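What follows is a pair of complexes built around subunit A, which joins subunit B in one and subunit C in the other.
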Partner chain A sequence: MIRFVARKELTELVRDGRFHWTGIILALLLITALATGWQRYASYQDLQSSAQATSNTQWLKQGDKNPHSAAHYGNYAFKPAGPLSYFDSGVEAYTGTAVFMEAHKQNFALARPASDLNAVARFGDLTGAFILQVLVPLIIIFLGFTAFSGERDSGTLRQLLSMGVRRRDILWGKAIGIGAGVALIVVPCLVLGALALSLAELNTSAGFMARMSVLVSTYGAYAAIFLFLTLAVSAWAKSGRHALIALVGFWAFTAFIAPKAVTEISKAVCPTPAYGEFMADMRTMQAKGFDGVSPWRRIQEMQAELYQEYGVNSVAELPVYWPATRMQKLEELDHDVFDYHYNNLRQAYTDQRRLQDSFGVIAPILSLRSVSMAMSGTDLITHIEFMNATESYRRNMVAKMNGYLSKAAASLNDSFSSSNYMTADEEVFAIVPPFEFDQPTVGQALGEHTRNFVILTIWLAFAVTASVAAVDRLSTEAR
Partner chain B sequence: MYALIISHEARSLARTSMLSVLLTVLACAIAFAAWSGRNMIDRQMQGADAAIAFEAGMRDAMRADVIKYEQKIEDEGGEVQFATINHAPGSGPPQGTNAGAVGAETAAYAVLPPTGLAALSIGQSDISLSYVPVNMRNIVDVTRYSEIENPVNLATGAFDISFVIIFLLPIFILALTYGVLSSEKEQGTLAMIMAHPISLRELMTCKLITRFMILLGVVAVAGLASTLAVGTQLDNPETWMRFGFWAGACLLYGMFWFFLAVFVNAMGKSSATNGLILAGSWLLFVVIVPTLVSIVATTLYPAPSRMDLVTASREAQTEASFQYMKALDEFYYDHLELVPNAEDKARDFLTLSIANSEAIEKEVRPLYDQFQSQLNRQEGLVQQYQYLSPAIMMQQALNEVSGTSADRYEDFMGQVFDFHKEWKDYFAVRFLSKDPLVSADYDRFPEFEYRPESLSDVIARLSPALIGLFGVMILAGVAAFVRLRSYQVAAR
Partner chain C sequence: MQNGDRFEPEREGGTQVLEAINLKKTYGSHEALKGLNLTINAGDIYCLLGANGAGKTTTINLFLNFIDPSGGSAKVNGIDVTENPLETKKFLAYIPEQVMLYPNLTGLENIQYFARLGGHDEYGDQDLRGFLTRCGLQAEAADRRVSTYSKGMRQKVGVAIALAKQAKALLLDEPTSGLDPKASNEFSELLVQLQNEGAAILMATHDLFRAKETGTRIGIMREGNLMQEMTTAEVSHADVERIYLEHMH
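And then the complex of A and B:
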């Protein structure tokens, strides 16, 4: 029976002129979104890899100089695009694309694409993810809001029931029929996109398939939530018009109002400092010392320890180059300060995002959005991982340069002055390997999102239960 | 007659529960948006204050050292000397006497003050830093800072009053107007009204005026109230002028949606169909076209890559450093009065670095300017797409009016560059002439003073969007009222 209802529903949809138009428009938008997304992704990747290669060469060819000066010259890390960023650009326009890694300083990422985009970009990008998150639910509502009210108004509901068709069979049949209608529009576009990608011989790694399957099932669940909600409201509402108003109202709330409102609330609950405040606090702590002991005192202590260790009484006798050893110590003292401030800030950002995710309970898009970004490698966590990778690279780079200097220039201790220093060349700079960043694995990315999967599952269960309950008490007469 | 119809309309609207619900939601949304706008501005100001206080503290500490040193000289005799650069605390003259150290290690903040309406439209102000630290670094370094904010929040966008006006106000307008004729017709009251000596257009005008006054009254009052609530002083004529433009833009935008609803009504379809068509138009103009423009226009006209700018300016920097002795000669050529004897010249690390940074500046500045002009050209191209949707025009207008547009920021950055030059010149000259700073000098350091843009500049940038809005509003109005002429009052 379910099969008949489903087939009837689908046939009716496919013959409907409105279905054709919305289908064509949606397909065109989806193809445009994927094509432009792909074009951007490809050109970004080109720019990124050539910039990284240039910067790596610049590091090596910076000219003969003191290794510590070389660490000041530093290197840049350019952020690679997320593996599925052409589908969901996530927060990529709003995080920096380049990090300057230099001695003494942990820096924020620079060169945020958003600051070079026209303000119109703040409306959001028409990406594949946007279409599936915002427009597809609307299409589902549009195709399904008359599912029961329409049958009732035309009297066919009474007919159906009198034939002994079970109410729930009608529900499942309609769900399958409408679902198939939506899939008829969306799936070919996505398959086309996937085919184009596989022809381009990109992203065929195991991680890619895993990411894709999580995305497909999460978006599938999200679409099912809207499908069953629509059927529930259609069965519940007095008339088709009431159903439409209620559903579109919910849609507008979840797609546009909730994300922004929740953002403001999360900012008030977990406030984060502005740039000026952050830097002022951090630099104050740097000057005072992480534990309140001034860095210069720490250096004196360390000097005393070194004297004891090597059994000497003056800098000149030390077997390690004192200025380099001291600079490395200062560098290490800063690590605690940097970790404290940057980690607090990132923790606050993560807390904000988690709070926003929790509001997925009232607007499922919030939970879906996070999962989608994470699987596309364009979320906050990926960015934080990238920033952590640049910081460990920076620390290693500086330690290697200072370490080399402290050994190689040990003989210069007794004539320590700014005009008397050693220079190193390309061969020395090459002891720092080029920067590389591995995307977090799917497992790592998934771990962060248990809450979102739970929320979406609850929504789905709620929507199905509500639609079953609504169908069970469905009356053949308009109330 | 008009007054009678308007008051009748007002009363019948007031009795529907819909109106009170809509107005309450609208007022709450505006209040919430004002609150979040206020938070945003507060956070920014707090950031600026903390940064300025920190730098002032650094300079005060240096000044205190200098005063102590001066005291010591006075007590023990001798001459105030110029410190060499040395970070380890020692007994010689303090770093605060060295203009090079003071100019390079402390920064003066150039602050872009928010306009009176800044809280109404966050615009780009959550991305660009409105307090720029200026020291002796080169121009690319000075422009690299940006405000920090959770990227997730930036991607979602702020719930500011602009959002309420651009996104939500049309929904409320359409909800009040989608059945303005069709529902009267469906209830059979339209034919009865038309039996009175009034034309359909006159009736429509009255209906529009009523709805208009209710909604825009709420917007204007709530807008003004939130402007006041966020602590804006209205004693400033510029703020009034900006508020006037803000209200004007809201008026044009609101009228466009009203006329669009009338136009759709005039096609003579049922209320349900009108509702669908209007909801579709909202989706098209407010959601699809802007996001489509954003992705298509920026794919067709991509902004120049900052990653390229980074590597190119680094290349220039490296080049310049390779030839540092040449750079130094050139530098002294520009500052002939400062040439020391040859040995000092080569030894002086800071002189070198100043010469070096000036050489870098010379190499990097053209790259930066080229980047900026490319960026402006791209902006100009994308700007043309604004006419595709009143929502985009409205956004540009509101950002401009609130002083949170990219253009106002660019003007500010121009002033920052001038100040940067002034700062560098002051300290470089004092340093190179080895003229020790005395404590009194600390009050004479260059300070940034923001020169507000002339109102005509603001209006010039505002006008394309406003004229565009006016155009589409007139277009919708004329189309609606022409269409009304052939409207069938009763079902055939």
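And then the complex of A and C:
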């Protein structure tokens, strides 16, 4: 029975002018979005890899100099594009794409694409994700709002219900029929996109297929939520007009009002410091010492320990180059301060994101958005992982240079002339391996999103239950 | 409110197809139907006459379980419609004043869809075309979209759907109003065919002439009451009109 209803529903839909127009428009937008996304991804990848290569070469070819100075000269880390960033650009536009890694300082990421964009960009990129999150629900509403209300308005509902069909069979049939209609528009575009991408030697490293399958099922569930909500409202509403107004209202709320409002709310609830304030606080703590013991006291302690360790009484007798050892100690004292401040800041951002995710309870797009970014590798967690990787790299780079210097220049401890300067060359600089960033695994990326999957599941259960309830009390007459 | 089952003795035979037992429907303080008792046997064409608002459509809606009764019961083939709404609908076919079909589907697709929903997915295209032509639809029209159909053609598809459903009882709500006399006559001939095949037919109508011509029995309703019943064979056209008008005053 269900399949007869589904087939009839699809036949009717495909013959409807609404279907043709929405189908053509959606297909054009989706193909454009994927194509431009792909183009952006490819040119970014080129830029990123060539910039990284240039910067790595500059590090090696910086000219012979003191290893500690080389650490000051530093290197850049350029963030590789997320594996599916052409589909969902996530927060990449706002988080920055390049990090300068140097001695003594932990820097923020630079080069935020958003700073080069005009106000129009605030409406959201035309990405595949935007279309699936915002436009597809609208199309489901347009194709589905008459499912029951239209049959009641036109009178076929009486004919239909007089046949002795279970109402729920009609519901499932309509859901399948309309769902198939939407899939008929969306799936070919996505398959086309996927084929084009597979031809273009995409980074299909481990986890790519897993990410894709999570995306497909999450977006599928999201579409099903809207489908069943549409059917519920269509069965519940007085007329097709009422159904359309209610559904489009809800759509506008979830697509535009909720995300904006929730961003503001999360900023108010979990405030983050201003840049200047953040930097000043960090500098104050660096000067005072993380545990309140001044760094100079710590250096003195370390010096005493070293004297004891090597059984000596003066710097000149130390078998390690004292200035380098001291600088490394100072650097390490800063680590706790950096970790404390940056972790607090990232915790605030994470809290904001979790709060936004929780609001998925009123607007499912918020939960979907979060999962989508995570799977595309363009979310905050990926960015934090990247920043952590740059910081580890930076610490290793500085430690390697200071470590080399403290051994290689050990004999210079007693000469305080300007000739105590030792230089190193490319061969020494090469002990710091080039920067590499491994995307978080799917497991890591998913770990944070249990809440979102729960919220989306609740939404789906609610939508299905509501549609069943509405169909059970469906009346042939307008209420 | 009482359960009709308890007070109704088993009837003999199996000929009572439609049965209303002290059937009531109230909307707020308005009594749309005030305890209707009605029995329609297989082979009967029972015509319900009465002004708009007399309770004719309410009666049909109650048999279809589109609305719940406020009292009494409606039975199809001896089965209570509120207790077994899906089962009783298997025996029923409904033809409203305007048979509403899916305009983007062809006549053939419409009858196929409704036949399948009615539990008859065994028909091939030829069987379905047969039903349509038997009901007087031109053969070529079956493959045209219903949006191009006239009202008369849609009513024919409505009867064809009833035929395909092999319904034991037909509920007709002013099915011929708005049809031209020829179409109306063709429709009545179809009803007689169905009657001869043993269907029980309940038809709400304003057409006194057709009621006397095609009906076997006539019931006159006013303000939710069944005022009088008569057997058409025992009265003349003039009698029908006179009795009807008497009740309307």
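As a convention for this text, the second predicted complex is superposed on the first by the 473 of 479 C-alpha atoms of A that agree within 3 Å, B and C clash if a C-alpha of one lies under 4 Å from a C-alpha of the other, contacts with A are read in each partner's own complex, and residues count from 1 in each chain.
One rule holds for everything that comes next: a residue touches a chain if its C-beta (ideal position, glycine included) is under 8 Å from a C-beta of that chain, and two chains touch if they have at least 3 such contacts.
Remember, predicted model here, so these are calculated numbers, not experimental data.
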**Asked** With subunit A superposed, do subunit B and subunit C clash or fit?
**Response** fit
**Item:** Touched partner set for A:Asp334, first subunit B, second subunit C, both or neither
**Value:** neither
**subunit A residues touched - subunit C or subunit B, whichever exceeds** = B
**Request:** Figure out whether A:Leu160 sits in contact with subunit B (first) or subunit C (second), or with both, or with neither.
**Result:** second
**Request:** With both structures superposed on the shared chain, find the angle between the C-alpha centres of subunit B and subunit C as seen from the C-alpha centre of subunit A, to the nearest 10 degrees.
**Result:** 100
**Request:** Look at A:Glu448 in the shared chain and tell me whether it touches subunit B only, subunit C only, both, or neither; answer first, second, both or neither.
**Result:** neither
**Asked** For A:Lys8, is the partner it touches subunit B (first), subunit C (second), both, or none of the two (neither)?
**Response** second
**Item:** Closest approach of subunit C to subunit B (Cα atoms, Å)
**Value:** 20
**Complex contacts: residues of subunit A adjacent to subunit B** = 29, 32-33, 36-37, 39-40, 43, 47-48, 51, 54-55, 58, 61-63, 73, 76, 78, 90-91, 93-95, 97-98, 108, 110-127, 130, 134-135, 138, 240-241, 244, 248, 252, 256-257, 259-261, 263-264, 266-268, 271-281, 283-284, 296, 345, 348-349, 352-353, 356, 379-380, 383, 418-419
**Message:** For a test of understanding, state which residues of subunit A touch subunit C in their complex under the given definition.
**Reply:** 1, 4-5, 8, 11-12, 15-16, 154-156, 158-166, 475-477
**Asked** Hey, which residues of subunit C end up touching subunit A in the complex?
**Response** 61, 64, 66, 85-90, 92-94, 96, 98-102, 104-105, 109, 113-114, 116-119, 121, 161, 165, 171
**Prompt:** How about subunit B: which of its residues touch subunit A in the complex?
**Reply:** 32, 35-36, 39, 43-44, 46-54, 88-89, 123-124, 127-129, 131, 144-159, 163, 167-168, 171, 272, 275-276, 279, 283, 287-288, 290-299, 302-311, 314-315, 318, 321-322, 347, 349, 375, 379, 382-383, 385-386, 391-392, 395-396, 399, 405-406
